[in-house]
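Two complexes are shown next, each including subunit A; its partner changes from subunit B in the first to subunit C in the second.
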Partner chain A sequence: MAVSRREPKGLNLVGQCWQWKLRYVPGSKGTMGLAIVGFFALMALLATWIVPYSPHQANFTAWQPPTWGHWLGTDDYGQDVLSQLIVGAQASLVVGVLAGLLSGLIGVTVGITAGYKGGATDEILMRLVDFLLVIPTLALMIVVSAFIPSSGQTTEIMVIGGLSWLWMARVVRSQVMSERRRGYVDAARVLGVSDREIMFREILPNVVPVIVANMTLIITVSILVQASLNFLGIGSPTAISWGSMLSLAFADNAIDQGAWWWTIPPGLCLTLLAYGFSLIGHAILQGYAQSREQ
Partner chain B sequence: MFKLELDRVTKRYPARGMHRGSILSVDQVSLQIHQNQSIALVGESGSGKTTIARLVTRLERPSSGLIRVNQQRLEDHSGLPRLVQMIFQDPFSSLNPHYPIGYSLERPAELLHRISRREAAARAAEALTLVGLTPAENYLDKHAHQLSGGQRQRVNIARALVARPQLIVADEPTSMLDVSVGLGILNLLLDLKERSEISYLFITHNLAAARYVSERIVVLYRGIVVEDGPSFDVINHPLHPYTQLLVESTPDAHKALPRITVPDAQEMVGASDAGCPFRARCPHRRAQCEEPVALQQREKREVRCVLYDH
Partner chain C sequence: MRFWTLGPYFFKKLMFAIITVWLAITADFALPRLMGGNPALALASKTALGSPAVVKALERAFGLYHTSVLQQYGDFIVQMLHGNLGISYEYYPESVTQVVFSALPYTVGLVLSATVLSFLLGTLLGVVAAWHQGRRVDDWSVGVAFIFFAIPYFWLAMLLVYVFAFLLGWLPMGQALPVSVVPLPPLALGLGIIRHAVLPVASLVLATAASYLLIMRDNMLSVLAEDYMMLARAKGVPNRRLMFRYAARAALLPSFTQLMLSLGSVVGGALVTEVVFSYPGLGNLIYNAILNHDYPVIQGAFLILALSVISANFVADLLYPLLDPRVMLN
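The block that comes next holds the complex of A and B.
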């Protein structure tokens, strides 16, 4: 295996990051995915400093097409579209990533328990998953969000994360079932290691690539679901997100007005960011498959 | 003094898929292993020998019968990992690929003997030295994939030794290794036995290996004991027709052998069948073989065959 050779000492940080990337997120797909996500992450992090105007400032001429003063024009409230777009990246990334982590946490716990314990535990947990899987998730999320009074980002994260862990649980379960048959698990049992330690200390590290890959795919879905919820007018009414931008643009007939600068950028950003995460996910899975073949 | 007893132990597995009922893997097996004794379980695949290994290490629970360790029931024995350890057949999957060798050795020492991490590290190094992986420091940081099959099997033995057990169950420890490497492993097991009064339950399909490491050989066929006796006698004067077949079919590198015809197991005998399970392949088959046969005592040996029924 090429990656197992020792790297020469004194390799700089960039070099180390590149080695890491080659090992875990290989290929040009991986590079592109990391570049896209990195670009938007920087945009979200530096938003406060790089926005040309305050995104809430509404005293510009409405319906302006792109000019040197407003690179992406203005909307019908007289707000700068580029500033909104930059700040909107925060909502998509924060909600997407945190909802992904939350569903990862639930899905991994359920999947490992079901896959390792088997028997009745597995049966009960998987029937629950099957039951939740047949419920139309988006519809359920709309209902749940409508019932929760303070519709902030936390609610969005809880609702999206709390209902997206099902596939994660299934994938982790099947991986754990094949890991469980490997000798090192029997060896740990003969040594009297507790079930919990076997599940989380022996097996878990060996299924991490699959978990991470699925997590990126869940993040992709979470970003799109959050945008859909915002587009439908669910979620925080004051927070700026790409979904809420699209929602307003649609409600205010931006398409009839020919204001493409208001509709295309948030749509394109959403697609790109989601695509970036899914590229990373595929690259991780590919790298995992390659390392398994060796 | 260490003592392990199996008293009419039976293990059934629920049948899978289209089949109904259960599969009888081990049928009323009784065995005793004393301190510093080494017993080999010999038989073909499906004879139940690995199941016995898994029962003794509590990886499986018997369907009926009793296993006792030092007069105590195996199920209730809280200190079993400190008494019985196991070496696995597959040296490639039995070490966790995620962790360095050091972790695989130190963690059991910490857990089983409640010692500090530093003491555990010392014990891991000591175990590596015992199994001939020296200097130990060179191996502690390595991952399993950086070692050869023979080295991995030595690490597996070291891991069993870290627990300081009285009995080591070795489940075909050499079957996935080259013959010369495997012989090194067998010699290591013999050295350890001489040094530390350890007992072995040695599981193999290789009669020569069984004779090399153990004083007693127990031959299993379809889950039942068909012959049991001192290794020398069993190999040189096999009583049961199945043991005779096993001995005949062990090739001798120095002699040109006449071709041995191995009777085919075409006529399958069901698990529920009471008669001799070997009768379908047996050259001495007769009417009494349809009836159950008891183990016959013959001096220091036991055999289950109507040929010796007097």
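The block that comes next holds the complex of A and C.
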């Protein structure tokens, strides 16, 4: 007995990525997003080799505006701002991407389970999501981080990723509910395929674009949230990040000193990187919407 | 709409609010206990060389005496219902309740005015953008909205301080009240408060209006595709009337739901923004409490914050049937 399917069986991620890329990304804003993210990824990867000085080296004249020796000047400890900026890319990318993946994992699992199982499971899971949505998440993250004794990037990832999956769960659930009514799910069920296999091998591949798009949007938000936490002095105390640079700049009155070279670049990098991820996310969503209309 | 039809809807929303409140209280109780470590011990080792007497006293103040967790939980709720959230370390002998409630009005004022202004601005821009879909106005507003969406709240606040307070000197750099030796007349005081609130509110509005714009534009686009819009156009309804009376009104309903759901994130943004402006609200309070390991204040401030957001949502849920009677049907 032949089971009709719209998509090939299995998690053919590479094939599917290729499909959307061919159709929607070229020349669009998505490409710009990829370029921005690629630029910062390269910066993070090569940081050790391209920094002009060690980011912790503190024996230069403090409060220097940009010069040939220090393209972005120095801070009040006499540290090179450009070197810190380059190294700071690592923290944002690592924490943003891993927190995005973690919340993607939780959100997808909750969303698929709720959407496919329906009934009481759905009711309980979605009520939980509704309750958590009402509570101000950033405030909860601040409070949770304040109470966690150990602080480091792993903690940051757990806290941010563990509390950012709510929208993902909602979106995936509604997608799965519409997928569930399609013929291939009934066919698989008649054939006696287990629930878990239907959820993750049959339905999941069809909602991958939505998941990937939402994941990039979660990464966008995670990057900004991490920066906020670091700005408040919460999170990894040793790692250099754009948020912690801004925290120090603010605490040491860089604004009153007119040290724009210290306050503007980290924020600009944060904005650009977050913007890059959101462009990618929206390009994927747009492509998916168009493919659905066809 | 008959009044009695409100019954089940009201009951459902009330239950939701009550359970959310209970969850918030439980989370607030559980947080310091789940995270392991003994805050009393940690604090004592920082301030009193770990003196056992101090540890014991602190444990009592935290409600961490050596009883079962269940009993601690019961005590916590009973104390809370009496309005007792413990004693602040930093502001000793003031109680947490006093400290938190003196900061609350600033945050509420900030969040409410920013939310209203941002919703108006974003929604209006969204209507205009959707109306001119695919044209330059639309492309620009959406493009700019995406950029603003990606700007960290606190950095935007820092930029505004740098430009409008430091470079131009038009507005104060921080604080909420005008500094004066003699008590100010009410009018001057009011103006001073507004002057101090301009930059914090503006940074929140700029940072959040983008998402209202995008949401409203989406909703407008789906309304504009409806048959009744085509009919109205064919009838010769004037453009302005079409845009606001016909389309925007219908598109506003889903935006309102979004408004409520985004309240939590505006509150989060306000917390960080307050720190930039040394604005004496809950954000600043929590920030200082974290720096000083003032755990009871952190716990109390979070609880009051969560309760405020939950009650705001509850009120909005009650008002919603007035805007859209259809919700009563399901």
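The rule is short, and it goes like this: the second predicted complex is superposed on the first by the 267 of 294 C-alpha atoms of A that agree within 3 Å, B and C clash if a C-alpha of one lies under 4 Å from a C-alpha of the other, contacts with A are read in each partner's own complex, and residues count from 1 in each chain.
Methods note: a residue touches a chain if its C-beta (ideal position, glycine included) is under 8 Å from a C-beta of that chain, and two chains touch if they have at least 3 such contacts.
Predicted model only: the values in this text are computed from it and were never measured.
On the superposed subunit A, the positions of subunit B and subunit C stay apart, so the two partners fit side by side. Of the two partner chains placed by superposition, only subunit C is touched by A:L232; subunit B is not. A count of residues in subunit A touched by subunit B and by subunit C gives the higher number to C. Of the two partner chains placed by the overlay, only subunit B lies in contact with A:R182; subunit C stays clear of it.
In the overlay built on the shared chain, the residue A:D130 is in contact with subunit C alone; subunit B does not reach it. Contact with subunit B, but none with subunit C, is seen for A:V190 once the two complexes are overlaid on the shared chain.
By the touch criterion stated above, A:G119 is placed in contact with neither subunit B nor subunit C.
For the pair subunit B and subunit C, the minimum alpha-carbon spacing after aligning on chain A is 6 Å. Against subunit C, in their complex, subunit A makes its touches with residues 130-131, 133-140, 142-144, 146-149, 220, 224, 227-228, 231-234, 243, 246, 250, 255-256, 258, 260, 263-264, 266-267, 270-272, 274-275, 278-279, 282. Touching subunit B in their complex are the following residues of subunit A: 1, 4, 182-184, 186-193, 202, 205-206. Of all residues in subunit C, only 16, 19-20, 23-24, 27, 31-32, 35-37, 39, 42, 146-147, 149-155, 158-159, 161-162, 166, 173, 261, 263-265, 267-269, 271-272, 275-276, 286-287, 289-291, 295, 298-299, 302, 305-306, 309-310, 313 touch subunit A in the complex they form. Per the touch definition, subunit B reaches subunit A in the complex via residues 57-59, 80-81, 84-86, 88-90, 93-99, 104, 107-108, 111-112, 145-146, 156, 159, 163.
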